[in-house]
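Letters A, B, C and D mark the chains in the order given here, with residues in each chain numbered from 1 onward.
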Amino acid sequence: MALDKTGIAKRIAQEIKNGMYINLGIGIPTLVANYIPDGIEVVLQSENGLLGIGPFPTEEEVDADLINAGKQTVTMRPGSALFSSAESFAMIRGGHVHLTILGAMEVSETGDIASWKIPGKMVKGMGGAMDLVASAENIIVAMQHRSRNGQSKLLKECSLPITGLNCIKKIVTDLAVLEVVPEGGFKLLERAPGVSVEEIMEATEGKLIVEGDVKEVQI
Amino acid sequence: MIDKTVKGADEALQDIQDNAVIMLGGFGLCGIPENSIQALLRKGVKGLTCISNNAGVDDFGIGLLLQTRQVKKMISSYVGENAEFERQLLSGELEVDLVPQGTLAERIRAGGAGIPAFFTPTGVGTEVAEGKEVREFEGKQYLMESWLKADFALVKAWKGDTAGNLIYKGTARNFNPMMAAAGKITIAEVEELIPAGELDPNEIHTPGIYVQRIFEGKGYEKRIEQRTIRS
Amino acid sequence: MIDKTVKGADEALQDIQDNAVIMLGGFGLCGIPENSIQALLRKGVKGLTCISNNAGVDDFGIGLLLQTRQVKKMISSYVGENAEFERQLLSGELEVDLVPQGTLAERIRAGGAGIPAFFTPTGVGTEVAEGKEVREFEGKQYLMESWLKADFALVKAWKGDTAGNLIYKGTARNFNPMMAAAGKITIAEVEELIPAGELDPNEIHTPGIYVQRIFEGKGYEKRIEQRTIRS
Amino acid sequence: MALDKTGIAKRIAQEIKNGMYINLGIGIPTLVANYIPDGIEVVLQSENGLLGIGPFPTEEEVDADLINAGKQTVTMRPGSALFSSAESFAMIRGGHVHLTILGAMEVSETGDIASWKIPGKMVKGMGGAMDLVASAENIIVAMQHRSRNGQSKLLKECSLPITGLNCIKKIVTDLAVLEVVPEGGFKLLERAPGVSVEEIMEATEGKLIVEGDVKEVQI
């Protein structure tokens, strides 16, 4: 059974270590915040100028001057800090954010990511995604293994304009957990419960590396 | 201390001309100079180049200036959420220069800080790198990016004093401090204008040296784009 | 929130090795990390490269580390007021790299901000330009300068919380915020350490993300170099 | 009669216009603050992170955490702001400081300044002087016309290592007020009371430009 969005978020949450500063993208990555294990202390960064994102506000707490990068109203945890966009991206570019989790339209077997533009369709802009993928040491992509029309999103090469080159280290999809290896290729680390290696192979256009027995995701 | 107070947005913006390059603070609709945008609408200047992280929504923020066709070019990182913008872009009425958000913030900071160019890893190997110098430092590739400056910077703060010192609130700070420094003439609108000497010098986000004109804004709507509530 | 508290300077500096590159905050003797300097003296690490705007005086600040010959190299903008420094420099015991103050501040800021190089007008046509790339932008000449980073940044703040957020006081801020961001390991000593959540997030000068270890310092002398009084 | 240090400071104070942000160097420039005319509002910048330098403190006001760039204890005027050294030099480099007044060891007829180093003697470092002279649109030098051993300090070319190239616009010495003209040369604007053009010519190694009648300094 393939993982649903919650399942993907739960699996990614297992990658989170105590003391990490983390930037979560819009969509599934945002859900990850809900599944961080007890006893693990992390700080969530919002690139519009906040360290220490808290839960959504109650009706009474809503403050138009306090939003996250998805323009949603948020709150602050104790120990938060506010700063400018220049300072925020100084943090990102300077490698101070330990982990970035974001969505993608395509990932290549060399770790390229395409996520910001579909030529001919509306171009909304890259926002902070290009800065994040160019800078973070550790980037995890959360996405569906195939597009809505069934095409693999794990490719030999990206077909869409890329957001960053050779930057993705790990991918968690509805079907599998994969590592992009330095020599190129998606190494299959785990498969979704009940999903066979063959199914994953079929859904992966890029080079899939399977070594020994591949265990199932535990969430 | 030098008093930089003006009566309101119309007086502050009286010498903006057609084809001016302007910066507008804000991230989404958070921290935008609402009063100055209204004054631009009233004044009707055209051919503006607007440097702003976003382009507002159809009926608020910079979206209003798009409706009246006062904008020739946008320099932004993200311009979704705006149907009129999309129409003008596809029809060729509007030029758009998309810049990664961190690069945009740093280019504006460089403009204020007298740094004509700097190197960033952002955008290497992407469309953004086209025509730009790439150079390797310590085994990694970087792009050269240049400063951004403006004829007028329109910023919004929470509190300000008559000497032009500004304090922002929450995430409404965003692009405002860098823009305040990068404008030849910086116009600050504040929710509360107080006499010089009443702000703690240690808590000031934008020192008054960057601000040429300041006024207390009126009727802030502070529209929320994504009102998300916890149950 | 992540708790970064350590007991004191000795614990904070326990893994500093000989030949480390360290940054030390402060301008003159104002805002210097007094406790961390004492810990360096106790630990006796040698061959240090010290990046600091000044070099202290003979018997205080970095001057103490010069007396014990723990410093191999200084990267500073101004090193007057120090006889032992002069002696070591003239005898060739000490290497000195003099950098204009604004360039020093910006190089450190670049180190923390992931910018490997930038252009500045400072030093064009002077000794400082030797061996550096010069380029023209908008009709003016600029030098290319590179980032500075450190194995350890030793900074001093007024108040700090257990999450590493810092607030400086007066002109004791100076180089401390940029250095906090440019250290692989940043050690902050504060006059008052309080629990996370008790500082106003809007008043923080150095966000905790830059700080790896924090402790409440003891016995600050805060020596004054030029005690000037109005009658 | 040649101007004394106070006289030089008083004459420079006449150059100050309402609304200016000014950086004053150590020595005579610091004295200028005492002679700013009534009704002229200016803000003094200290490059270690303060806008709005006030008078020296009383004994009770002394604060080790509040000093100027000369390491002297100071106070703050109402409306002051504090900031980091990076922000301070962003102001300077970005051209936000309108006027810089500083001392010099030599000035050349093309506006070069030497002020930071005497080879073979102790080198203390340039501090913020190189940034200031490279950035300010308007720089006034306050100095003695000749060195202690009688040699001119207004030269064809600087003999000492320079601090900045083609940057000095105006010089106020004990003998004269001079402008460095774009085509090269010191244009004599004013002479100290009772000092003759001939005396100034003799004390000036670089090209001295004298046009018409040269009036006396009024202080």
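Brief remarks on what is shown
We take it that contacts are C-beta pairs under 8 Å (C-beta built on N, C-alpha and C of every residue); 3 or more make two chains touch, one makes a residue touch a chain.
In this text the structure is predicted, and so the values were computed from the model without any measurement.
Listed by label, the chains touching chain A and chain D alike are B, C. Just to note, of A-C and C-D, the chains joined by more C-beta pairs in contact are C-D. Centroid to centroid, with C-alpha atoms defining each point, chain A and chain C lie 36 Å apart.
Distance from the chain A centre to the chain B centre is 29 Å, each centre being the mean of its Cα atoms. Chain geometry summary: the mean Cα position of chain B and that of chain C are 33 Å apart. For chain D, the set of residues that touch two or more other chains comprises 50, 82-83, 89-90, 92-93, 135. In chain B, the residues touching two or more other chains are 106, 109, 113-115, 120-121, 169-170, 202. The touch graph of these protein chains has some other shape, matching none of line, ring, star or complete. If you check each pair of chains against the touch rule, the ones that pass are A-B, A-C, B-C, B-D, C-D.
Residues of chain B touching chain A in their complex: 27-31, 53, 76-80, 86, 89, 96, 98, 100-106, 108-109, 120-128, 158, 169-178, 205, 222-230.
On the chain A side of its complex with chain B, the touching residues are 46-50, 55-59, 62-74, 82-86, 88-90, 92-93, 112, 117, 122-131, 134-135, 161-165.
Listing the residues of chain C that touch chain B in their complex gives 106, 110, 113-121, 135, 137-138, 140, 142, 146, 167-170, 202-203. Those residues of chain C that touch chain A in the shared complex are 1-3, 109, 111-115, 161-163, 165, 181, 195-197, 201-202, 204, 207-210. Listed in rising order, the residues of chain D touching chain B in the complex are 18-19, 21, 41-43, 45, 50-52, 76-83, 87, 89-97, 135.
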